[in-house]
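Encoded as C-alpha cells, the structure appears first; notes follow it.
Chain IDs A, B, C and D follow the sequence of writing; residue 1 opens each chain.
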Amino acid sequence: MGKLRRVPVGIVGASGYGGVQLVRLLMDHPEVELVYLGGESNTGKSLASLYPHLAHAVNLPIEAVEPEIIASRCEVVFLSLPNGLACQIAPKLLEKECKVLDLSADYRFSDLTTYTAWYGTQRNDHAIAATAVYGLPELYRDRISEAQLIGCPGCYPTASLLALSPLLKQGLIVPETAIIDAKSGTSDGGRQAKVNLLLAEADNSLAAYSIGRHRHTPEIEQICSDLAGHELTIQFTPHLVPMVRGTLATVYATLRDPGLVRDDLITIYNAFYRNSPWIKVCDSGIYPQTKWATGSNLCYIGLEVDPRTGRVIVMSAIDNLIKGQAGQAIQCLNLMMDWDETLGLPKLGFYP
Amino acid sequence: MGKLRRVPVGIVGASGYGGVQLVRLLMDHPEVELVYLGGESNTGKSLASLYPHLAHAVNLPIEAVEPEIIASRCEVVFLSLPNGLACQIAPKLLEKECKVLDLSADYRFSDLTTYTAWYGTQRNDHAIAATAVYGLPELYRDRISEAQLIGCPGCYPTASLLALSPLLKQGLIVPETAIIDAKSGTSDGGRQAKVNLLLAEADNSLAAYSIGRHRHTPEIEQICSDLAGHELTIQFTPHLVPMVRGTLATVYATLRDPGLVRDDLITIYNAFYRNSPWIKVCDSGIYPQTKWATGSNLCYIGLEVDPRTGRVIVMSAIDNLIKGQAGQAIQCLNLMMDWDETLGLPKLGFYP
Amino acid sequence: MGKLRRVPVGIVGASGYGGVQLVRLLMDHPEVELVYLGGESNTGKSLASLYPHLAHAVNLPIEAVEPEIIASRCEVVFLSLPNGLACQIAPKLLEKECKVLDLSADYRFSDLTTYTAWYGTQRNDHAIAATAVYGLPELYRDRISEAQLIGCPGCYPTASLLALSPLLKQGLIVPETAIIDAKSGTSDGGRQAKVNLLLAEADNSLAAYSIGRHRHTPEIEQICSDLAGHELTIQFTPHLVPMVRGTLATVYATLRDPGLVRDDLITIYNAFYRNSPWIKVCDSGIYPQTKWATGSNLCYIGLEVDPRTGRVIVMSAIDNLIKGQAGQAIQCLNLMMDWDETLGLPKLGFYP
Amino acid sequence: MGKLRRVPVGIVGASGYGGVQLVRLLMDHPEVELVYLGGESNTGKSLASLYPHLAHAVNLPIEAVEPEIIASRCEVVFLSLPNGLACQIAPKLLEKECKVLDLSADYRFSDLTTYTAWYGTQRNDHAIAATAVYGLPELYRDRISEAQLIGCPGCYPTASLLALSPLLKQGLIVPETAIIDAKSGTSDGGRQAKVNLLLAEADNSLAAYSIGRHRHTPEIEQICSDLAGHELTIQFTPHLVPMVRGTLATVYATLRDPGLVRDDLITIYNAFYRNSPWIKVCDSGIYPQTKWATGSNLCYIGLEVDPRTGRVIVMSAIDNLIKGQAGQAIQCLNLMMDWDETLGLPKLGFYP
C-alpha cells in the first residue's frame, strides 16, 4: 500500500501442496509480488484449473520452466520440485543473482556424499552446494541472512530439530539415547494419487513406515551432530496419521543430570528460543496439540521429565505445510531480505 | 462342518474393494468354497501382496481371466470389473452353466439403449441381457431365485430404491416430486488412486458431484418406473462425504394424501418389508445413521412427515460395500441357490 | 499502525466456539481493540486456560457479565450466548449507546410470536426487537449500515439464503418447491460435551436430524417470504457430517421458465452479487467444496440446471464458524462503522 | 443349534463401549446366552434406547445391579464398570460360584499397594484379589484356564505387552531401554461426554497425554518384571489419535546382541506365539496398520531392526475395543470354559 516497489518472486513447482501453500502465503506478504508460476506437468494451465477456489484470487498461468526467463523476471525464486531437480535449475538462477529457496532435499547437505548415499543421485554442483545454508532460522538465523541459496527442511526435521536442539546444544542429554517418534498427516505425502494416501485407506488407520531408513534421518543427524559437536546417530520413526495437516514429534532422551525437573527445562527452552518469535514453549503441564499450530507458522513445544526413568520427553507440534514447508521458506526469505522474521506469515490459525 | 460338498465359487476382479469384500464375506459363508480369484492387472500376485492383513487367511493367487477355465472350476462366478467388461465374459460363463452375479452396470438394464446412452458402449448381447434380473432382492426376490444372471445394483440405487419403493408401489406420492439427495463415503470411488479421493483432499470437505448426469440415475428411474407403472424422471444428486464407508439417501416427495402421518408410513413400510430380513424400519422419531449399518448387510430406514409442507422424508442408511455391493450379491446368490436369504452374511456391525 | 484510536470492543460469551472465533478474528482487525471478554461459567479464568494455544496471544481474563461496566468500556459488544440470554442484556447496552451484534436467535425475528412459537420463551422487548436488523449483509447491507442492533444469522440460514435469494427475488422458481438439504460439520454443535458429538460417535457416520422442526426453519422462511413478497413454507433438513467445519446447502427448486440454462443462472447470480465481495459464484460446471471456504469469510456458490426435471440445483459452501457466525458479525460491524466490508476478515483459507 | 443348553451370561455396565461390545460379541457366541444386562445410570431403560441400531436384535432391559439376583441367573458375569466398583461386586458373585471377568483395573494387580498408589483407593479384598489372574491369554493361558476371577487388561497393556513379551522373556534386550510410544483412537476414552473427545476438538489433531503417569504404566511394569525376572521401570507414553478405533504400540529397545537381524526376530516371535491363534506376526518388511485389526480379535505384530542404532522396533496393532477389551475377555472365558480359544470371536474385520 503506497510502497514504491514490491520484490518480484517466482515459484517453480506451483501445482503441488508446497507450491500452492507458497502462493497463498505470498499473496498476504506485503513486500513481495508473485510474478511467475512454473511447472512441467501443467504448463499452460491456470492455477485455478487445479485449485478452483483460487479462481477469483490468482490470475497467473503455469509457465514453462526456463531459468533464463525466470531470472529475468524474478529476484527471488522458490523451488518446490521433486528431489534431484532443483540442483539442475538453481545454479543458473544463482548465476543471474536470484536468491533461491529450495524446498527439496537437494541443498540440505553439507556433505553431498551423504545426499548421494540416501537419494541415489550423483551430484556435480559441489561448489554451489557448499554455499547453501540449512533453512532452519531458529538455529542458523545469521547464516541465512547472508545466504543466496537456502535448503529448506521439511516437516519432520523441523519438528524434530526444534525439539532436540536445546538439549544437544546445552549437553543435557546422552545423545545416543535420543529417539524421535514422529507422526504426520497425509498431506505430507503431497498431492500425488497414491493408494495408501486415499481417504478410504488412510482414514481410521495408523502405521509406522520407513523405519531406520527414512530419508530425513541423515539431515536430522547432520544438524544434531553439528549441535553436539560430534557425529551422532539418531533413531527416527515416522508414522502416517489419519489427518490432513500437522506433525508431532515425540522425542525421548536420557538426561545427563537426573536432578533436572520439568520447570528447569522450560526455563532453558524459553532462554534458547528467546529471540525466536515462532516458537512457543508451553507452560508447565501443558502438552501441545497439532491443531493449535494448524494454519500458522508456529511451533509449540511441550516438556516433561519422567523422574522414574530419568528421561526427558519433548513434544513439538507444527503445521507440516507451513512451519514444516512453505512458511518456513518465507521466514528464511524475510531474514535474507532483512525484513522482520514474522513479516507476512500467519501468526495464529483458526481453532477448532 | 460335516457338509459333503461346498459350492465352488470364483471372483473375477478380486483386487478392488468389491472383490476383497466378496473374498471376506465368502470366507464366512458355510455353503461355498472360494476356489478362484482372477484379475488382469495383478495376475500372478497373491491377494496378500495387495492386502497384507489377509496373508494368514487367504492363500489364493490372482489368476488370469480365462472363462473356459473359470467355468471348469466354478459353479458360481462374481464379476467385479469396470463397466463394459462383464458383458464380454458373462456369455461364455453362462454357456457353461455357471451362475453369474455381475457387480458392474452391464446387466442392470432391461433396455440396452439406455445403457448405451449413459455408458457410451455398444452392446450386442441383447438376448443374454434380456435374461438378467436386477439384483435387489427386496423387490425381485422371486425372479432372482430363478435367474442364472444377476445385475447387482450399487450403493446409490440400493439405498434410494429401498427408501422409495413402498411409496411408489402404493401410489402414496406424486412421483415427479421425488428428489434423492444421496451421500456416500469415499470407498465408493474404489481402490483407485485419484487425487480427489486422497485423504488430504476429501477429509473435512463435502461437495456434490455429477448433478443430473450420474450414471446411477437411469437405473433408479427404470425401477421406479416399473414400480409406478409409468415412465418417471427422478432427481438424483450424489455427494462425497469425508468418511470411509456408508451411504445415506435422503428422499423427499409430496404425499398424495396430506393426512398421512409418520406412524401410518412406519406401518406401511413395516408391512412392505415384512419378509425382508435385512430391512429395519426405525421406530417413530428415530433417524438412521450410516454407522449403524457399517459392517453389516442391513438397511435402516427412517421416516418423517412434515405436515407444514405435505412432504414425506425417507432416509435409508447402508454400508456401501456390503448391502450396497458385495453383501447384496451374496444375498442374491442365497436366493438363487434356495438357501436362507441371510446365510453367511453379517447381521450386525461393530459400533462405534 | 499510527491510528490515533481503535474502537473498543467486547465479547460476552467468549469461551464457546463463536466467542473464540470472534477473539481470533478481531485480533487481526485493524480498527478495533478487544478490551473485554465476559462469561458466566468461566468468570475469573483466563481465556488461555480454556484455549492454551492462545496463551501467548491473548492476555484478557473472562470477566463477570455486568452490562453497565461493559457499556462503560466498549463501544461495540458481541453477544455469543445461548438463546434467550441476549434479550436480557442487549437493552441495557443499547441504552448506553453501544452497538450490539447478537449471534443468538433473539434478534433475528421481525415477529416475536414466531420466536416464542419456536423457542418457547416469552419476550417483552418488542420495541427494541423491532429496531434489530437481520445481519445478512448481502441482502440487508443498507439497513445494517444504519442499525444499532443486529441479529446475526447462523450457518444454515446464511448458506441457505445466499443460495436461494436470487431465485426468489427474481421470481425464477416456484417457491413452494424449494427444498434445502443442508449438511454441517460438528463444530456447529458448539463446544459442548454431548455424546452424539464425540469423535467416536460422529466420525465415519452421517445422519439427518430435526427434520421439519429445526429452529432455523422459521428465520429462513421469514427472509424467503420477504424476498418473494408473500408467505412461504420451506423444506429444510439438516445433516451432521463427520468433519469439523463447513456447511453445504444443496437447494432444489422447480424453475418457472424451463428454458433457463446453467449459464443464464450464473449470469443472474453474478449480477445479484455484483457488490458482494464475499460471494464467489463458481464457473460453469464447477461445484463448491466446503474446504474451499474453510478459514475464510467466503461463500462459494455453484449452479446447475437439470433439463430433464426442470429444476435448478444451487450449492453454497461456507465456513460455519466464520461466514456462518463470527466473520459475518464482523462483516456487519464493518458496515455499521462505515468501514470497508472486507476489513480485517480472512480472504482465503489454507488448502488442503 | 441343537445344543441342549447355553451358559447363561450377564454384563454389569452394559451401556458403555465395553458393555455394548460385549453384547455384540456374545450374540455371536455359540455356547452362551446373554440373560442379564445391568447398570446404575440407565436402570429401567432398554439397551435399544441407548443404541437404537440394536432395537431389532437385543430385547433386554438394563436392570438394577443386585449381586444376589445376578448370581442366581448367571454362571458368568462380565463387569464393565469404572475403576473401584468391581471390587465391591465381584466378591459376592464369586461367593455364589460365578465366574467373573472384570474389565476394570481392580483385579489386574498382584500387589494391591500398587493399585492403591496409582488409583487412590484403599482395598480390603486382598484374599480375593490374590486369586485373580491377569487376563492376557498369550502369556497366562494355563492360569486363566483354572481361574474363577480374571482382571482383563485394556488396550494399551495388551498392545504393549504382546510387542514386548518375547524380547523380555528371551532376554534379548536391555530392559531399561524399553520405550513404548503408544497411540489410540478416541473410543478408548469411552462413551463419556468430554470436551477433549468431541469430534470438533479431536479430529485433525494429535497430542500426547499423561506422560510418565498414565495408570496403565504399573500393570505394564508388573508383567514386564514378571517376564524379565526382576523389577523393571518402563517408559510409556500414550497419544490420542483422530480415529475411532485402534491402538498401535511402537516399542523401542536396545538389543543385547547387535548381530540379530529382522528375520531372526520374526522367527523368534513366530515361535513364541506358535500356539496363539490371535497373534499374526507380519512378514519381513511389513508393518501393521491398525485398520487391519479393526473389527477382529487379532493382534498384528511387525518387527524391524535398525543396525545403525542397535535397536529393535516392534509395532503391534489391535482393535482397542475387541482384543484390547471385550474380545479379549471372551477369549479368557473360552479358556476358562475349556472351549476353543477362538470360539465366537471375529477372525477378520472388514477392510477398508
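Everything below uses one rule, namely that a contact is a pair of C-beta atoms (placed from the backbone, for glycine too) under 8 Å apart; a residue touches a chain by one contact, two chains touch by 3 or more.
Note that the structure is predicted; figures quoted are calculated from it, not measured.
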Next on the checklist: Following contacts chain by chain, what is the lowest number of steps it takes to reach chain C starting at chain A?
Outcome noted: 1
Checklist entry - In this assembly, which chains make contact with chain A and also with chain D? => result B, C
Next on the checklist: Please tell me whether B-D or B-C has the greater number of C-beta pairs in contact.
Outcome noted: B-C
Checklist entry - Taking each chain's centre as the mean of its CA atoms, which one is farthest from the centre of chain D? => result C
Checklist entry - Distance from the CA centroid of chain A to that of chain B, rounded to the nearest Å? => result 46
Item to check | Approximate Å spacing (C-alpha centroids) for the pair chain B, chain D | outcome: 36
Checklist entry - Counting in whole Å, what is the centre-to-centre distance of chain B and chain C, each centre being its mean C-alpha position? => result 39
Checklist entry - Which chain C residues sit where two or more other chains touch them? => result 17, 185, 187, 191, 200-201, 203-204, 242-245, 288-289, 352
Checklist entry - Any idea which chain D residues touch chain B in the complex? => result 17, 20-21, 24, 27, 51-57, 187, 191, 203-204, 244-245, 280, 282-283, 286, 288-289, 291-293, 295, 300, 321-322, 346-352
Item to check | Contact footprint of chain C on chain D as seen in their complex | outcome: 17, 185-187, 189, 191-195, 197-204, 242-244
Next on the checklist: Under the definition above, what is the set of chain C residues touching chain B in their complex?
Outcome noted: 176-177, 179, 181, 183, 185, 200-201, 203-209, 211-212, 233-235, 237, 239, 241-246, 248, 250, 252, 287-291, 294, 302, 304-309, 311, 313, 315, 317, 352
